[in-house]
Amino acid sequence: MNGARILLADRRLLAAALALAVVLVLVLVGPWFSPYACDEIDFAGDWSAPPSASGAHWFGTDSLGRDLFVRTLCGGRLSLLVGLVSTLVSLAVGVAWGALAGYRGGRLDQTMMRVVDVLYALPFMFFVIVLMVLFSRHLLLIFIAIGAVNWLDMARVARGQTLALRQREFVAAARLSGLDDLQIVRRHIVPNLAGLVVIYAALTLPQVILIESFLSFLGLGVQEPATSWGALVNDGAREMESAPWSLLFPAGFLTTTLLLLNVIAERLRAALERPGR
Amino acid sequence: MIAFALRRLLSAVPTLFVLVTLAFFLMRAAPGGPFDGERTLPPQIEAALAAEYHLDEPLWRQYLRYLGGLARGDLGPSFQYEGYRVGELIAAALPASLSLGAGALLLALVAGGAIGIVCARRPDGALDRVLGTLALLGVSVPNYVVAPLLVLLFAIGLGWLPAGGWRPGTLADMLLPTVALALPQIAYVARLLRGSLIEALAAPYVRTARAKGLPERTIVFRHALRPALLPVISHLGPAAAGLITGSVVVEQVFNIPGLGRYFVQAALNRDYTLVLGVVLLYGTLIVALNFVVDLLYGALDPRLRPA
Amino acid sequence: MRRRTPRRLAAALMLAMLALPVQAEPVLRIGNGPEPESLDPQRMSSVSALNIARDLYEGLTRIGPDGRALPAAAQGWQVGDGGRRYTFQLRPGLRWSNGEPLTAEDFAAGLRRLVDPRTGAPFAQLLSCIVNAQAISEGRARPEQLAVWALGPSQVQILLRAPTPYLPSLLAHPASFPTYRPALARYGREFARPGRLVGNGAFRLDQWVVQGQIELVRNPHYWDDDRTALDRVRYVPSDDVAAELKRYRAGELDVSSEIPLVQAPQLRARLGDELHVATYLGSYFYGFNMERAPLAAQPGLRRALAMVIDRELIVAKVMNGLARPAYGWVPPGVSGYAPQSVDWAAWPMARRLAEARRLYAAAGYTPAHPLRVELRYNTHDDHKRIATVVAAMWKQTLGVEATLIHEENKVFLAKRRLRRETQIFRAAWIGDYDDASSFLDVLAGDNGRNDTGWRDPQYDALLAAAATEADPARRAGLLAEAERRALDALPVIPIYWYVSKHLVKPYVRGWRDNLLDYHYGKDLSLAPG
């Protein structure tokens, strides 16, 4: 499976990946090119000032007189970090769980999938709120927790795929060569799930970023003065009439990123699932 | 068939039991209690309240008491809404949530389905690209942005529809919240259906049908759509549980007395019984809807009919 | 079949248009904030519930538009025993909303129910000035021992521990209102619902859709029904100020409960005439945990932190003018009391900064060794904005490294009460009645609501002396001295005083802004047309 070839063969995938790279670079290095810090309040300047291309604040200022350009980019760092961590956690748990259940089958499979069923029936929102209340101080812990809740889909799909892989000759060969179950899962099953994992990663990332933004809506999001796209969009939504720029810029970044991630997921799926086309 | 339904029903009981147990103890692990407020209560009064609601008993006994109530069909008294039983609160909020959810579900299926079909018939055509991008936008914009925008446009700007409120049976009150609730689902359904329909249209039996010279419409609706609907249905099953139990955002923005707020408000207010009540309702819905999905699967694809 | 869908949709849309709000009978629609937790006058605690209770029930007194207590169910009262004995004379022919006669015993029973610990009343301590009230609510005496008596069917007598000139104001609080005992006996805690609730106010409960609306309808048995203009009052709950504002602007509400701060400038420009902003009996402050070093042991440090907060800037830019800068503990406008303030209130900012820097350095902190504190607040957008600005002010003027921590409300309250983790916390106090003691009592050493843990024997002694002082002027002097002690010690940093803020449609008549923000439905009317 040659990632680069797939990427280069699909113009839209390539374009989306490049655009995402631009967003990433902007978010990572952008703040260094601004004279303002993320949490700096301009006590003398105008608060909720409109953007000006010539002036000091390219994206304007927020309702506390902070530079929106820097805050949007800083918020992006956090949103992406949060998305990445949660996605990794959910993939790791989901793949391990699904592959093990699918490979071993039998009673273990039934029990493990039963756990998934129960967790499915738990309202996600309730679970997240309780986690937020319990871990209110540690942001990353929360997103590890979110990732740990979000793995259910991955587990189901990984299990399905594993069930199919189990029948294949190379697994039987590995078994004959004396590898134990865990080794087979690790060396032969999981690597063969890679394509699936990539697609799911691209699908999960935008979901998690949206969850973070919803938590901000509930007021349970990141801790000031740090910020995230979700928190910024929320603040902006409150001022959408009086200071539309405070909604438009962060929402633009958030939406664009989610859009790009979704496009990438879709094209990857097309490329990986139907290699003939 | 009936035996199958019964088996499913029975297998749901332990699931729901584990669910309630999990939610009960999770909720109790959270700091703070239902009667903590900005205005601290004097200790004697706090003790009187705790005794009245049996909060002074050991946790295991409270748990058994709750299970005992459940067995009698009693979800207990609400801690937050004095003088109301949880059962009553849920029953009162259900109609609004149900009609909104059903409306949104229908809209998602019809509008999303239409978009999906249009896109799939000419993949990568101009229409597909435009609608595809719109659909992606639909899943990418948070609904707490979309909902107030809808109000600003249709209620305050144009004055066509109310900005909020809920008079049972009034279509005008339903329109905006239904759209706000349905938008992400429309987008999701459209994308799912587009993908599966493209695949179905490339299947051998469809090619056979084409070769027979059947009109394109017949091919799409008679032959390709049925299998293509399967992934949509397996997505909409659990999604329906979410839609029916409401959305905090939509209910808050449109001032609707629905269930969605309870998930958040009750958890934040430590209204233990109300939380458990809505969790139980959601869990039951999920189990029931998954059953419906299986039945629909059977109806759409005879090969998947349960033996 | 499929062809007809668009036409059906059009028909449905037409139907929707026709169903737009048509006002059938005059109803005043009031935005009322969060859903009330109860309509039982002794069990409620939220502002939104209290608002409705004042329409459903009536106490012996009410608060007039100028903030003074006026006769309500009582037509007058006499004061005897040097200000310790109050005798209220009920109006003749008072009736409950079901037509049954309302007697003095009903009022006495309401008060007994309030102090009875089994009731679980959040305001049980409101009337601790009555003889035996404290003992009863602490379980040391029986409710029947409360010094409140019905003298015949139309006289209520109350004996106080000490002269309490603001007793008539206290009796305008819903916690002291009568509850219909037959309903209570029959339905217990679940009596306060439509079809069961019997009140004695100008309106009775018609409909309660939880999270939807509470609708009241005129009570024909009310003594002053002839002068009640409105037939119906609808209280509409909302968790979201922005959503409430949108409904107000769309003409679906006649009165709003709040105004979103960020939109204040636009609203002032566009709806200036409809904006009602008035001084309100509420204080927003930061408290120090006085049981934890280093802040507890260093008054100079607390003083420095308090000094460098630019309250004028916070009020102007963060609150958008919807607050008043606070330099004292008791809000302005309290009857019979001269507001006190910190000694540096009038200093120019430059002098305050210089003094604060000196105090900060004297406490042993330098730029290399800054003070590190945690500032906790409960999750809310407005608290977040203020905490962010205050932390920035501390950082920029003194170099203090303040970490902001927001906590979900219940977690926050629990920790604040425990005084273990907290250092500096956000808090607010809304006065229950128009008297300085409603605020000063909160900082008393033995008060359960004093989350700072500050204990000053002299402060407590001053309050105790004021509580038994019959002469109003001397009493005010004692209270003022207590307040000055608190402001010298600064267990709390006052930040701003609340204002009441409503949008009121121009056709709503009879709306008068007042200190307690009480608006009785019976005083309001809708202009014709």
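By written order: A, B and C. Residues from 1 in each chain.
By our rule, a contact is a pair of C-beta atoms (placed from the backbone, for glycine too) under 8 Å apart; a residue touches a chain by one contact, two chains touch by 3 or more.
Owing to the predicted nature of the structure, the values given are computational and were not obtained by experimental measurement.
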Of the other chains, whose C-alpha centre is the longest way from the centre of chain C? A
Pair joined by more contacting C-beta pairs (B-C or A-C): B-C
Between chain A and chain B, centroid-to-centroid distance (C-alpha), Å: 23
Find the geometric centre of each of chain B and chain C from their Cα atoms only, then give the gap between the two centres in Å, rounded to an integer. 38
So the centre of each chain is just the mean of its C-alpha atoms; given that, what is the distance between chain A and chain C in Å? 43
Could you list the positions in chain B whose residues touch two or more of the other chains? 30-31, 148, 152, 268
Hey, what residues on chain C touch two or more of the other chains? 242, 408, 410-411
Provide the list of chain A residues touching at least two other chains, using ranges where the numbers run on. 133, 241
Enumerate the contact residues on chain C facing chain A in the complex. 242, 260, 262-263, 265-266, 313, 317-318, 379-381, 384-385, 387-389, 391-392, 396, 404-408, 410-411
So, in the complex, the side of chain A touching chain C is made of residues 39-41, 43, 47-48, 63-65, 132-133, 136-137, 219-220, 223-225, 235, 238-239, 241-243
In their shared complex, at which residues does chain C touch chain B? 12, 15-17, 19-21, 35, 37-38, 40, 43, 45, 117-122, 124-125, 137-139, 189-193, 209-213, 236, 238-240, 242-244, 246-247, 249-250, 252, 408-411, 413-415, 417, 427-428, 448-449, 451
For chain B, which residues are in contact with chain C within the complex? 30-33, 36-45, 47-49, 52, 80-84, 89, 92-93, 96, 148, 151-152, 155-156, 159-166, 170-173, 175, 251-258, 261, 265, 268-270
Given the complex with chain B, which residues does chain A contribute to the contact? 114, 117-118, 120-123, 125-127, 129-130, 133-134, 206, 210, 213-214, 217-218, 230, 233-234, 237, 240-241, 247, 251, 254-255, 258-259, 262-263, 266, 269, 274
